[in-house]
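Going in written order, the chains are labelled A, B, C and D, and every chain counts its residues from 1.
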Amino acid sequence: MSILINKNTRLLVQGITGNEGLFHTTQMKAYGTNVVAGVTPGKGGEWVLEGKVPVFDSVKFAVEATGANTSIIFVPARFASDAIFEAADAGLELIVCITEGIPVQDMMRVRNYLDQKNVRLVGPNCPGLLTPGESKVGIIPGDIAIPGNVGVVSRSGTLTYGVLYALKLVGMGVSTCVGIGGDPINGTNFIDVLGMFEEDPQTEMVVLIGEIGGSDEERAAEFIADHLTKPVAAFIAGQTAPPGKRMGHAGAIVEGGSGLAADKIRALEAVAVHVAQHPEQIPELLMKRV
Amino acid sequence: MSILINKNTRLLVQGITGNEGLFHTTQMKAYGTNVVAGVTPGKGGEWVLEGKVPVFDSVKFAVEATGANTSIIFVPARFASDAIFEAADAGLELIVCITEGIPVQDMMRVRNYLDQKNVRLVGPNCPGLLTPGESKVGIIPGDIAIPGNVGVVSRSGTLTYGVLYALKLVGMGVSTCVGIGGDPINGTNFIDVLGMFEEDPQTEMVVLIGEIGGSDEERAAEFIADHLTKPVAAFIAGQTAPPGKRMGHAGAIVEGGSGLAADKIRALEAVAVHVAQHPEQIPELLMKRV
Amino acid sequence: MKLHEYQSKQLFSKYGIPIPRGRVAATAQEAKQIAEELGGRVVIKSQVLVGGRGKAGGIRLAKSPAEAESLATQILRMDIKGLPVRKVLVDEAANINKEIYLGITNDRSIRRPIIMASSAGGVDIEEVARVSPEKIIREPIHPLLGLRDYQARDIAVAIDLPREHWKVFGQIARGLWQAYQASDATLAEINPLVITGENTLLAVDGKMVLDDNALFRHPELSEMRDLDVEADSEIEARKYGLSFIKLDGNIGCMVNGAGLAMTSMDIIKLFGGEPANFLDIGGGASAEKVSAALRIILSDPNVRAILFNVFGGITRGDEVARGILAALQDIRTDVPMVIRLVGTNAEEGRRILADANMITAETLAEAAQKAVAVAKGA
Amino acid sequence: MKLHEYQSKQLFSKYGIPIPRGRVAATAQEAKQIAEELGGRVVIKSQVLVGGRGKAGGIRLAKSPAEAESLATQILRMDIKGLPVRKVLVDEAANINKEIYLGITNDRSIRRPIIMASSAGGVDIEEVARVSPEKIIREPIHPLLGLRDYQARDIAVAIDLPREHWKVFGQIARGLWQAYQASDATLAEINPLVITGENTLLAVDGKMVLDDNALFRHPELSEMRDLDVEADSEIEARKYGLSFIKLDGNIGCMVNGAGLAMTSMDIIKLFGGEPANFLDIGGGASAEKVSAALRIILSDPNVRAILFNVFGGITRGDEVARGILAALQDIRTDVPMVIRLVGTNAEEGRRILADANMITAETLAEAAQKAVAVAKGA
């Protein structure tokens, strides 16, 4: 078992003929993900990946033709919210949006709309999902994680890779890794994923990687206290970030005293989560807990 | 029993200090309706109806202070959609909008919003509701109907009064009369009310009053065939209306062959509904059926 | 409220939709001058608020300014379906390779606007919709989110529009939606949207209908109303907030409520009469309004009887009665009047009218039968 | 992107919010002239993108044009919190009876914009929020429906605004929302919104922050960016799409990903060092971008060591490596460099850099420890 993606995932790639789309589609396919279709308006009828994946002009037509149930979005930021609406309206169950830099008001409209539909969005501005050995829907390098019993959820991208790699180096495997993205408004938050890990029999312990800004980690701490029976280790990035400075992620703005790393660490430690001083300590913290 | 309104209705009147609002509030109170509050922005703190009903500046404050659970709206058309949003956001369960002439795009936005909330809107452009002997929320003259077992649902206003009056003249009483209004986009349609009448033990037979335009009567016919065990009599106004002419109600536009009275009558008769040639025949049709 | 073609296209242009160069003219001389400015072949198009102008000869191609003048002279003398032509639009003639239909209207069954398109555009689009509904592509528009770009693209694909036109088609669809929403329209239509000989997209004809209820927030659009095409009685009625439509019969009707007004017409016919009009005085009609309504009915020389059918709710019987009395003081008339007055303050109303020499009735059926009888001179 | 007060107020005015008469001046002479035109008492306000201008002496009242000139001279020489004053706004002085706070920002916890107001407006509003949060009224705004009129009214009631001001307050709230939405702002704030001695409402100070990610659809707003107030290195960084913030330490950092970049800073501190900057080269960084990043880091004379921490995902190790090589051909430097390169195409990247004389590390901890050591001259 795993969460969100597995062998039954039939993946559609929006923006498949762009540089990034094509590169990562190749990687996903090589990893074993069942990539059934791509969409690039104006390129319908072409084929990519040596004639293995058909390209459609629209998500609706691609879904009708291939039975795709999951979409990953690589389209540029200014078109990305439309791509999410298109995927949602075409009836996909899971949408993973890699694109970074989507205007925040676009995302508020998207999220408000999706909340009335039976669809899950992961991201945007996220590295996507990896269920080692089964399926990869995103840009997480496939060779840095092995199958196992650790569920990983993170707001960060490359920082997550470091944690996965550190786990692999000590022989610890991962059930599913979910990058939820660092934007202030996104589709899936810590609580959503923690609940799924709690339900997933394969997952026996959980790693949570947060960062400064917002209060998702604090709410995750409450959720862990009330609902999680599995041990959790965490790391919070930005402990030394100067207050008020914008840190690349729109989400990483420390606003008026809230969102500080110290507060998040305190909240997590208060509910018996071990918080690492630096991310490479995570494996030993997990081993202590089990 | 009755539907939608009864002795427990605690009514709030939006636009209570206007001419119409004040006149009909007086009538409703005289009928026995429990009018607990009024709202007119800028007149909060005043009292109307000889000091019996307090006026508030906003629906939220009125609900907090009086526990109102139903609202009736008499505010002018250009402010009416805002008044509906205000009532919905204040948590009222039932909103009856009397106002006519609300722009149709306003109503599409209102209806889309309300569909995600647990609130029922009746109207706009409707005469409201009457549960004879118990409660009146609207402008239907109280003395033209007596309590009884006939449920009445209608798209029209004064035409309905004629039917109620004709029932009274032969001694037939009414459980609840619901004027759903003649606008193309409204809150409650025939099907909603027919379902409630079917559930209501007091109601033993039903009168449906339709008019040209749209296809609500056709859908009501389907619903009657599938769900109604109680006898239904009907009248459809506009049998001689010239096609394509606008008949006052925005809803009463005959568009390209659909919405014709003849089609509606055919659909209803096909499911064993007796359709009257003129509204004053309704009582005898009902008596035949029972 | 319907807009003329030239008004609709001006609005479209404001929202980025490409339209032909052209201007409106009220005289043949002006039409000639515009043709000269446009320097070549022009189309002379009658501006009347009714369909079927082309088939009636109201749209003609002129190959020279002189021909433009002579065709404009002819067209400006025409009546089309009873409407006099007072203006013509002089547009640069387009070379038409293909005609597409694109329109937005409200779909009451789904409670949303809907955008429709077809590769079989042109004058026979209604026939296409009837015979081959699958050739009409329909996309509902979310009332809060508006038309999405991907929807315009899906439509372009579905009507087999060549790829090179997708981008401009998307702009046109977005522009049409913006025009529709910003103007509170109930219909916005480009028919045909053509692919020209130069392989560009061009909105050759356009039509908009605005929501009368929303005109209060569009004063600049209200001013576009063409009073020339309405009967004087209808203009007068609108001034007083009355809903009035002139018909061909001889029994004038004054009723409160559209449903009851239609029913009154139905029942007059049922008993063998012919209504002279539809007239809804609306809710809460004041004496002034009622008085105006009566004047409008009596201005029709065909009227042989008047049926008043008022069921008080918002409208109060006493006010209606006072309105009738006031009107009868101004206008001397021998037309017999039948009145049925029930509901709110009806008793007081009947008291007020006691001396007015009117035929009274209890029920609608009785009132209609009496009106039919007196109209026939019985 | 922050807007200056004068820019924010111009935008507000466009959306119907009343603002004081006034203009911006770059010299004391201009300030004097504007004061003459305004014909009376004026306020001279430094235009710097930082809070606390008033307390720092950057906002002064002038009773005459001559005084305006002399105060402008003083203010135009000031530095406020490190930012030089290059412009002053000369506004007609208002008689202030009461100060109200009104602002809109995004509330990420409810995923909606939120409008906030307080009767205790003015410079101490943050203190009010901290000490008496109940004095701040909050109303969430539906992202698709926008601010509703009734919400503005509810706020007016809740802050005890006298009734005579409700209508104009409603217009101001609606205008602020429109400005916020139409500009893709993340903050739009009027503080104070004053009730004047003449009993009118006036937006005396204003502030807007725009969403950098949405500037592509607001070219006219992008042009308002004030390059004067940014460090050259930050302007250069934005040109290449890098996210860069200058700090006070001596270990330059070049990292891909904001979270990893923050973590790199955290871990440098953990091992006793001080980062010289935050630098996120973003996803899919090209050689050109990496090269620019390196130049920017090396332009800081404090830098004693550089830590490269790249974990390939979208970013490919080989591209990063080529970027470093390219930069090192342009810029001769003796600054020691520690590199950690893992993930997509990392192996090829390491091969490319084999001859570049860099210190390599396997783990982040190792990399940070090595960087701290070489920065201390070990």
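The working rule: contacts are C-beta pairs under 8 Å (C-beta built on N, C-alpha and C of every residue); 3 or more make two chains touch, one makes a residue touch a chain.
This is a predicted model, so every value here is computed, not measured.
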| item | value |
| --- | --- |
| Contact-richer chain pair (by C-beta pairs counted) among A-D and A-C | A-D |
| Centroid distance [mean C-alpha coordinates] between chain D and chain A, Å | 28 |
| Computed distance of Cα centres, chain D from chain C, in Å | 54 |
| Inter-centroid spacing, chain C versus chain A (mean Cα positions, whole Å) | 54 |
| Cα-centroid distance, chain A relative to chain B, in whole angstrom | 49 |
| Touching two or more other chains - residues of chain C | 142, 144-145 |
| Set of chain B residues in contact with two or more other chains | 109, 113 |
| Pairwise touch network: line, ring, star, complete, or other | other |
| Each pair of chains that touches, named by its two labels | A-C, A-D, B-C, B-D, C-D |
| Of chain C, residues touching chain D in the complex | 144-145 |
| List of chain B residues in touch with chain C within their complex | 19-20, 24, 27, 77-78, 98, 100-106, 108-109, 111-113, 127, 139-141, 144, 154-162, 165-166, 182, 184-185, 209, 211-212, 214-215, 235, 237-242, 245-252, 256, 277-280 |
| Contact set on chain D toward chain A in their complex | 106, 108-109, 111-113, 126, 129, 142-144, 181, 184, 186, 211, 213-214, 216-217, 243, 245, 247, 255-263, 265-267, 269-270, 275, 278, 280, 282-284, 310-315, 342-344, 363-365 |
| Complex contacts: residues of chain C adjacent to chain A | 142, 145, 148-150, 153-154, 157, 163, 166 |
| Touch list for chain A against partner chain C, complex | 41-42, 44, 57-61, 79, 82-83, 85-86, 89, 109, 113 |
